[in-house]
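Same chain, two partners: chain A is paired with chain B first, then with chain C.
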Partner chain A sequence: MEEKSAKTDWEPRIVGFVCNWCTYAGADLAGTSRLKYPPNVRLIRLPCTGAIDPLFIVKAFQSGADAVLVSGCHPNDCHYTSGNYHARRKLTVFKDLLEFTGLDPKRFWMSWISASEGQKFASFMEEIVTETKKLGPLKGYNN
Partner chain B sequence: MANIGVFVCWCGSNIAQTVDVVAVAKAASEFKDVVYSVDYKYMCSSPGQNMMIDAIKQHNLDGVVIASCSPRMHESTFRSAAVLAGFNPYMVEMANLREHCSWVHDNREEATKKAIELVRMIVAKVARNAPLNKIYVPVTKRALVIGGGIAGIQAALDIANGGVEVIMVEKEPSIGGHMSQLDETFPTLDCSQCILTPRMVEVATHKNITLYAYSEVDSVEGFVGNFKVKIKRKAKCVIEELCTGCGLCTQKCPVGKKGEVMNEFEVGMAPRPAIYIPFPQAVPNIPVIDRENCTYFKTGKCGVCAKVCVAKAIDFNQKDEIVEEEVGAIIVATGYDLYPKDSYGEYGYGKFKDVISGLEFERMVSASGPTKGKVLRPSNGKPPKNVVFIKCVGSRDEKHGISYCSKICCMYTAKHAMLLHHKCPGAKAYIFYMDIRATGKGYEEFVKRAMEEEGAVYIRGRVSRIYKRKDHLVVVGADTLTGKPVEVEADLVVLATAIIAKDGADKLAQILKISYDTHNFYNEAHPKLRPVETNTAGIFLAGCCQAPKDIPDSVSQGSAAASKALALFSKKELEREPLISRVNEEFCVGCLACQPVCPYNAIEEKEIRDRKGNLIKKVAHINEGLCMGCGACAVTCRSGCIILEGFTNNQIFEQINTFENLISKFEPTPEETVAKK
Partner chain C sequence: MEDIINIARELIKRDDIEAIIGYEKGRAPFQTVPFFARTPEDCDKLIMNSLCVNNLVSYINQFSGKVAIFVKPCDAKALVGLLQEHQIEREKLHIIGINCQGALNPKKLRNAIKGRMVKDWSINGDKIKVYYESGEEEFNIKDFLLDKCPACDTRTPPIYDELLGDEIKTADLPELLARVKELEKLPAAEKQQYWNEHFERCLRCYACVKICPLCYCERCFVENASPQWIDKSNNLKSNKAFHLIRAYHLAGRCIDCGECDRACPMDIPLRELNLKMRKSVEEHFNYVPGKDIDVPPPLSTFKKEDPQDFIR
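Then we have the complex of A and B:
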């Protein structure tokens, strides 16, 4: 019962780690194109997805994120040529580890969104918010 | 304890319409470390910037957060303004309230809450920022040009004329590249040699240019402004200082008389001796001994060249030699190759003597070529009547060949049709084509001329096969415009074979540490905005090594690459952004796990020694001239001893920490207050 009433005014908190050159710019384009998406996401800008330490993601969940996303340039398009490959390899393994620690892997998202894909960025935010709402708040990760 | 100032921008109504900016500024004033907070209509305007500058001084700020548009838009604006105030620009950060908030949300309350959180995140980050200083690296004012085709020649001359020394390395015995093999050139039909040769001579005689012909780049170390290059000078077995270029040796050499060694310059259509100058106008005009085919090197006997050389310039004992040069910039202009002969079985290239490539046709029509400018059938030495030209051989053919368009074949085939009609009266040109791409200045007119004035017969369709009927070649294809099969009885077939990357292009790329595409063409840093730069600072591209192109485009790129190099040389020192990674040497264990992840090879091993010179330990060292600040190494380091300036773990963790408390409410600003502002 308590669970349900909490759910009604609950909004998921989503943290995104994105690279400066593609996805951050893609999010900018969503803005300049005046596309609309839910306001649940907070982006943290890094130079490249290769600079995303898995600990950032753990920390985000600990600090109350209900879902975390990582997004950068498409394979082959990384501004630093190979950062997204490092990220892909590392974070794929990391995702399995998250699952092992008891976290639903559906709360961790990875995607490639280029600077010209404003629409894809907006739709992606929409999708994450919808899916995370289905999962409900993340509980017990911090304690 | 930080003193942070927050400046919330209305952006006219762009932000203020959806975000309660006054409430954001008010909420921000209560954040930890914030000592000053204000909202303003246009922060990027000159009064807005002055407001920031004044506040920095008045409130003794040591951190600034501009909450306005995307940092990709105005970060540099505000950082430059900060410099005017004598403030460290890297203590200024931006919260993106426009692109990431007001423009993408409708609900004012939700958007305002988000805006407050975005500002809080950036405030938390700035509290952990450290002042950074621009990095300056010295620049060696000398350039290396690799490849002496027209693109490399243009680049070398432009740089040398700009007063900077140039080292040119050319693999072959002579510079000139493919252009020196061409006869007349589209779209003006001017003679290739006549316009090229003077430039080649200028390279050889220019006081600022050192030419290493018959040489290759062996290794490259260092970074922008500071490259150390090892060049392998292959033994010519001819002492350059003594040789007068009389050419007597090349006439007396017994090799090649029976056609056992063919001249690469003549595309294998004429023999050459073992000691040779590839073509009469070669620069430098000094022969080389092809040691593989020289009788002296094979059997120890002969030495005819040494006997006839009056200048005593022949030296069989010469060895390959490595020279070292220091340069500040490198221009790669290594050109292209043509699609190999035997790849097109159905066209009988390599099987039928009368099927030749476009480049062979060029040599044939050239007055200095193997047939002295006459178009003759290789099978019987007689002039042809019907000549079929086939375009897109290998190009635009994903199944058998390559996916891309070679760009120049449409034009040179039209040229070949004209040259055929000029040089072989009575002959007729038939051209099989898929499309005609004639997009340059005067190009469309040129093709029209070939069709209308010169009467070349254009047939739209692919050729399916070529077979021999008696003395002729029957070319079978389909005319896709009429839908009917066509057959042409030809005496000569000329294939416009695809342009492909230079053999060994990948190896050179690995030496230079530049990237290349799936076809081995070199990658430009940005396909539109940085067409002649590579991703490696200080290395530039020109000509066909980047992609197929014609002479005008190759020359333009040569000049463009030269201007990039000259811009680099115009400063005493190179200024670089300090947002790069650094190693904490105290904690580094020297595992060098970071080294292979760096795309720019910026990480080297460094030895730490005590005063007596005893080795204490080895650590990783990041070269500030090379690091681009991608941060891959910082994540890889297991001991956590690499920090990426501007995006340190401390900064990012502080940003994440702010999520622990939600902004649940804020005080909406009454309409009247807003209206008054």
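Then we have the complex of A and C:
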């Protein structure tokens, strides 16, 4: 019973690693267009998804993130030409490893969201928060 | 096997070869140790048999000149990896490849002799003979193989200058990824429990890193102080981060020589993580490490049409 009431107060923490040129701009657009999305998401802006080291993701989980998102420019649109293609390969494999070691697949998300897709950003954040709420707090990373 | 001592003696007489990287008998029972022969007399100590377990490839860069090196097929795959990544030069190697019937696990043998004093041992074909203070006993090599060997499908090195030993025919190999597939079927919570229990036991002695022929970074991420990714203390949190990143750094590169597994004093099943990465890279990018020097490692390249089913 106690656990249940704890769950109702609990708000998930989501960390989003986003590239400066597309998804960060998309999030900005969502904000300036006054689209509603949950405040649980903390964005960390990087120059490009190609600069995202899987260590960042582990660190986010260790530091209390309940789910992590990586998001950048659509294929062909990366500001640095191919950063997103490299990120896609690396994170495809790393996601497999996270799942193999017991992370629920719904705790790691990746998307392509452009500067003009404020709506996509807002609804995707909504979805991630809803899914994470179903899972409850992440265990097994930060103790 | 051909007379490796004479082969080595001929090689070391050559002006261009600085040393021969091979094995000699160690002091402990069933132990062989890496040995560098620099003179014809040194060569007399060289041995090559199923107890020559170490992957010697990591020693190459200790020499500035050309070296000859004995390699099993799995060791030769590590050579392929290092050549792909431009860590060694092909011209500076004379590769003596060995056809391989499998390597023995010294730990398993030591268990089998039940604490008796071993005076000596010798290997003949597929048998190992153990001489005790009194009496002797013979074991079948195939009953004492390292875990990596039964499913190994490469019994001839992918790369060599000369090849020794009879061709090995293998049939009905067990499936290499059977264990990985079994683990994949567990529910997420059980997977996490399984791995956290193993990670918790890790001493972070880094023997697995030190021994890996493909972990050649001068400064491993674990040593970084700013940012410090992994704290120095030994706890699940840091151990887990270490293991995730170690396995990831070897994704598409680990050639399953199993040395990390063998070196681990805590019997942490590192091969299971390595093989998961192997499976992942093969499934998504149709790539198997240790085969082709001219193909770039899968995580240093990409294709526009790479799969992206999970990306939204």
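By definition in this document, the second predicted complex is superposed on the first by the 143 of 143 C-alpha atoms of A that agree within 3 Å, B and C clash if a C-alpha of one lies under 4 Å from a C-alpha of the other, contacts with A are read in each partner's own complex, and residues count from 1 in each chain.
Simple rule for what comes next: contacts are C-beta pairs under 8 Å (C-beta built on N, C-alpha and C of every residue); 3 or more make two chains touch, one makes a residue touch a chain.
Since the structure is predicted, the reported quantities are computational estimates derived from the model, not experimental observations.
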item: First, second, both or neither for A:G102, with chain B first and chain C second; value: second
item: Which of chain B and chain C A:A25 touches, first, second, both or neither; value: first
item: Contacts of A:A65 with chain B and chain C, given as first, second, both or neither; value: first
item: First, second, both or neither for A:R42, with chain B first and chain C second; value: first
item: Contacts of A:G50 with chain B and chain C, given as first, second, both or neither; value: first
item: Touched partner set for A:R13, first chain B, second chain C, both or neither; value: first
item: Contacts of A:Y141 with chain B and chain C, given as first, second, both or neither; value: second
item: Partner chain in contact with A:K90 - chain B first, chain C second, else both or neither; value: both
item: Residues of chain A at both interfaces, chain B in one complex, chain C in the other; value: 54-55, 59, 82, 86, 90
item: Complex interface listing, chain B residues touching chain A; value: 70-73, 96, 98-101, 103-107, 110-111, 113-114, 117-118, 121, 515, 535, 579, 597, 599-600, 628-632, 634-636, 644, 647, 649, 652-653, 655-660, 662
item: Contact footprint of chain B on chain A as seen in their complex; value: 13, 15, 20, 24-25, 27-32, 34-37, 39, 42-48, 50-56, 59-60, 63-65, 79-83, 86, 90, 122
item: Chain A-touching residues of chain C, taken from the complex the two chains share; value: 180, 183-184, 188-196, 221, 229, 236-237, 240-241, 243-245, 247-248, 251-252, 273, 276-277, 280-281, 284-285, 298-299, 301-304, 306-308, 310-312
item: Residues of chain A that touch chain C when the two form their complex; value: 54-55, 58-59, 62, 75-76, 82, 85-86, 88-90, 92-105, 109-112, 124, 139-143
